[in-house]
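Paired with subunit B in one complex and with subunit C in the other, subunit A is shared by the two complexes that follow.
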Partner chain A sequence: MLKNLNSKHIQRFSYKYLPQFPISPNSPKLGFSRSQIANYRSNFPTTIMSSSKTIVLRSSDGETFEVDEAVAVESQTIKHMIEDGCADTSIPLPNVTSKILSKVIEYCKKHVETPNADEKVAEEDLKSFDADFVKVDQSTLFDLILAANYLNIKSLLDLTCQTVADMIKGKTPEEIRKTFNIKNDFTPEEEEEVRRENAWAFE
Partner chain B sequence: MKKPKYNSYPTHPMSKPQKNTIFSLPQDIIFDILSRLPTKSLIHFRSVCTSSPPLISHPSFTTLHLSATGTADDHHILIYYESTDYINHFYSLRSPLTFQETLKLQVPYKTLHGYLRIVGSDKGLICLFDTNYYSSLGTVILWNPSIQKIKVVDDPHNVHDKFSHFVLGFGFVLRSLEFKVVEIAYDLDNFKVNNSVLVYSLSRNSWEKKEGMSAPYYLTRGWSSNVFVNGFVNWLAFKEGDWGVSRVIMAFDLDDERFEVFDLPKDIVPNYDQINISSYGEEFLSLSLCAHYVGINGETWDVWVMGDYGLVDSWKKAFVVSQPMYSVPPLLMKNDHEVLIVLHDGKLMLFDAIKNEMQDLETQGLPSTFRAITYTASLALLNG
Partner chain C sequence: MGDDLLCDGTVCSQDYVFSPIKIGAWTDWCSMDDYKDMGFESFDDCLNLNLNLSLNLNLDLNGEWKDDVINKLPSDPFEMNVSGGCTMIRGWVQEVDEDIGYVQFSEKIIGDEISLDDANGFFLFDEISKKVGSLIKKDGDEVEVEVGEPHDALFLALGHLGIRDLLSVERVCKSFRDGVRHDPLLWRNISIDQPVGESFTDDSLLRITNRANGSLQSLSLVKCLKITDMGLKHVFQQNRGLMKLNVVGCNGLSMEGLLNNIKASGGGSIKQLRIGGLHSITMEQFQELNKLLSLNNKNKPGSPKPRFFHGGQLYLSFDDNRPIDIEACPKCHQLRQVYDCPAASCGGKHNNCRACTFCIPRCTSCGCCFNERDYIETFCLDLLCLDCLTRFLRFPDCEDEDISVGGFRQRQRQQASYHFCLYG
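Coming up: the complex of A and B.
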């Protein structure tokens, strides 16, 4: 009987048996964990059997991206869309450009692929990936923040917000303005007022 | 003085958030980013452009800011001492790791009654009590040295009421995000038995007399220090019993506003001639007790730590300091073997009980005037 089953059957079969009800983070885990699926898949060539579905994401500028469901559900927004049954053909993401979406997918892929984040080597590898990931121009960084917020990817939002915080930390007001290309729009009187109010004794 | 417009409008009437900058991000995200910054950076950020102050002063951000534990850069130790000629008073800000001085603070307030006593410090504010030698009257001051803001608290008492003395405590209640001051007013008439309790809340800006409540035990006239640990203000009080006077730890829960009493360690050697409480640990989350003994071999301080706050059975003797000191209690227990002490000659030292070494911190003053408290910077009082 197994001989007559092709990959299309297997895909549809497994999709039907995905949990239909909303899964909360606290509910008992049903099905296989991401690492179990990744591990399982690594032992079988994908042409024979694939136990995960792919999701198609459509950026604001019309480009489509096919990603493994395991990667796509790093985004809580996408996860809820799938659970609500809105993911039959493709998921439109009108707030995310293709440039940013491809970066976000790259981030999610890496974080899903890392088999065991508890291992020192894997943890270091992920840390250095994250550090390089945010080495982008400011405009891209802010777009990534907005995308992470819209797509509800907590770890990416954390990483990008921390990056901006690190860019502010330890700088004087003038240095902050230079870094972010912000215009000082205080009037001289207002500036004096603020400086007096901010009489920082720790200087 | 014209009040700046940006403090009263949600956004400055003259500006829109500058495009493609941090200010064009959703407000919640900006608050997320700001909540990761130490207080000093927040103050600098406030001076960047007109969009900054409304964000920093926003009530949602204030809540986030006060609920957080404070970044590592915000933690300091404040050491107060006076020069040997009684003339100069120093508020020396120190690194909690090395105890080296980072800055000398100036209190923007002149004492009216003679002495500015440090009541305590929490969440960016230092509570001072402007009082006289016997603490028979006084004014409460709240001071944030990070932004040099002072709030003088109104006196809750009628000018004709006379008291024997006052005992104070201060802390921040995390649950309700309130700064509170507790005052025990001991009656002129038999203060060992009669007292009244008042609680001040900064958010209410008013005092409340706790009807029907009094402190179970007494503290003597003069200034009594307290230690704020685990949400409780702790004092070492006197208890009159059938066998004479003994010592007990009297604690006031600032959140529930009620008293608790804890006994001293069961195994403490009773012939101490001095006893004192202090805070203990890297995060200063535990209560410690120091008892001084003079023996044939010299003087020693036994240091006890209450492992589980509130559990009398959890008192454990942490270590013994036996260096010649001018009977001044150890100021602060850094950890289970390092303690901040003051020698005979008024020199401040960090004593390591394991290495049996003393590190000279190059600070000298009048030994009995030294006090050490933790100070964590915040923007409290920014909005008044």
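Coming up: the complex of A and C.
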């Protein structure tokens, strides 16, 4: 792969990775597009681009978590941040507390470690992990949903949302209110109107 | 005076329980020898033990105490609507306390096990579920739980619900109602299935489809008898991007109406249509439909995957790539739903064993033909090949749809009795 390095690569490489010399106004701008970065990263041998890089994530309460890059990029948000070059020191996640972040990392680790679920044993192991993962109290579950949404982790979002959906399925409105401690703020007329409009579904 | 020894496990172990001895029998000092064996350390211990026994409390080590007593006591003899037994015990022992004077009911014993942090010690013990809740004495006697607005995360989960649950959620509170009504993403794929479809009118259809704000992509109306061509016309007009339509069992619709609707929306964008073979369709109409659909399906490759008959499936799902679910039967040339054969013996001869169920009867469970195998006819007039029958008989309690044959037509799980007639 080293033979593919030509002067153009070295020129770009020097701008990005060597100490920043004073740059004249005429020098080319340092704005690489995401695809450009991804493209020439893939061309570089691993000695330059370390694949076992760790990323530091900082939760809202200041706690830091060091994770492998492969685990961190399960989150599309973090993946884009890395590609855009924002991951030099640590990635701040102001919407996620340390408690939730540690759970999310645990989930991502498990899903990265498990090979492509082709074997039945691995698939069932993952399924039981997922089932146990969501056995938490409601507020943790909701925080996990919001975190998965913010971090853009589709599988975790689907898992947690499906769990909540299963808690809603088949219940009457009153039961839903009780399950989630929701206040009924309808006036009797409004409530009757909604009930009447949708009565066809419950006959 | 050794108050807490009453409940002390070392003194009152189960070995020492025997018939009550009167407290006042100090004349029996001579029989103190009997007591020696029990290891009493003092007269006080003996007294306490007697008290213990006369109260008929079977005080074991802390663990089994409450179970035993609760089982023996009546739950609500004074009709005070107290759900548990422990309040009774406490009240009762407190009476004893007044009588005797030095029996102190140690709160700690019960408190340790149940770990309540309620200072006044008033608690309810639910016999059935063994759950303990603390009564917070406020002005009312009710436990107060915080209620409020739904959490934001709940709105993200709404996308995983079906129509019926979405409508239930709409009735919960105002924010849910607004969230459900004004989110077009939730209403992109609408599926009205059997038990619900019977009272589904054009108005409801319009109201529901309007929620998609014109972005409706797939509409499935199964056995919605009250839907008319006019209603469907409005849906087409307002949702130009409609790609998949299923109207199996909607007898209020006509083929001309359907054709007109598809044509009127400029050939539209319908890519998949399911009409289920219940409408009487002429060959010309069918060919016109095919033309319209193939116009919209330019990019789709040919050769769809084989389709097998299954009694529980009333209509072809949208997962199958076929534009339309009916075709001309190779044998009778009528426009019907045509099935392939999953049997290994017919596998190679793909063309021979393709026909509608009138021409080639099929097993309702696996869909194979009966050319080279025996079959039986069930009580519901379904046909079962012997392999499926053996499977069914071996696991009669299995709720799997493949095996529960009775009532395919009504999609109910009935345990029908079987009338065995061997044919073939």
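We take it that the second predicted complex is superposed on the first by the 148 of 203 C-alpha atoms of A that agree within 3 Å, B and C clash if a C-alpha of one lies under 4 Å from a C-alpha of the other, contacts with A are read in each partner's own complex, and residues count from 1 in each chain.
As a convention for this text, a contact is a pair of C-beta atoms (placed from the backbone, for glycine too) under 8 Å apart; a residue touches a chain by one contact, two chains touch by 3 or more.
None of the values given here were measured: they were computed from a predicted structure.
Under the clash rule set out above, the superposition-derived model of subunit A with subunit B and subunit C contains a clash between the two partners. In the superposed model, A:His80 lies in contact with neither subunit B nor subunit C. When both complexes are overlaid on chain A, the residue A:Lys127 reaches neither subunit B nor subunit C. By the touch criterion defined above, A:Lys154 reaches neither subunit B nor subunit C. By the document's definition of touching, both partners, subunit B and subunit C, reach A:Lys169. In the superposition on chain A, A:Lys99 contacts neither subunit B nor subunit C. The clash between subunit C and subunit B in the overlaid arrangement falls on one stretch of those listed (296-304, 350-358 or 386-394), that is 350-358. Within subunit A, the residues touching subunit B in one complex and subunit C in the other are 139, 142, 145-146, 149, 157, 161-162, 164-165, 168-173, 176-177, 180-186, 190-191, 194-195, 197-202. In the complex of the two chains, the subunit A residues touching subunit C come out as 139, 141-143, 145-146, 149, 157-158, 160-162, 164-165, 168-173, 176-177, 180-186, 190-191, 194-195, 197-203.
Residues 139, 142, 145-146, 149, 157, 161-162, 164-165, 168-173, 176-177, 180-186, 189-191, 193-195, 197-202 of subunit A are the ones that touch subunit B when the two sit in their complex. Here subunit C touches subunit A in the complex through residues 145-154, 156-165, 167-174, 176-177, 196, 198-201, 204, 207, going by the rule given at the top.
Of all residues in subunit B, those touching subunit A in their complex are 2, 4, 6, 12, 14-15, 18, 20-26, 29, 32-34, 36-38, 40-41, 43-50, 53, 93, 102-103, 105-106, 145-148, 377.
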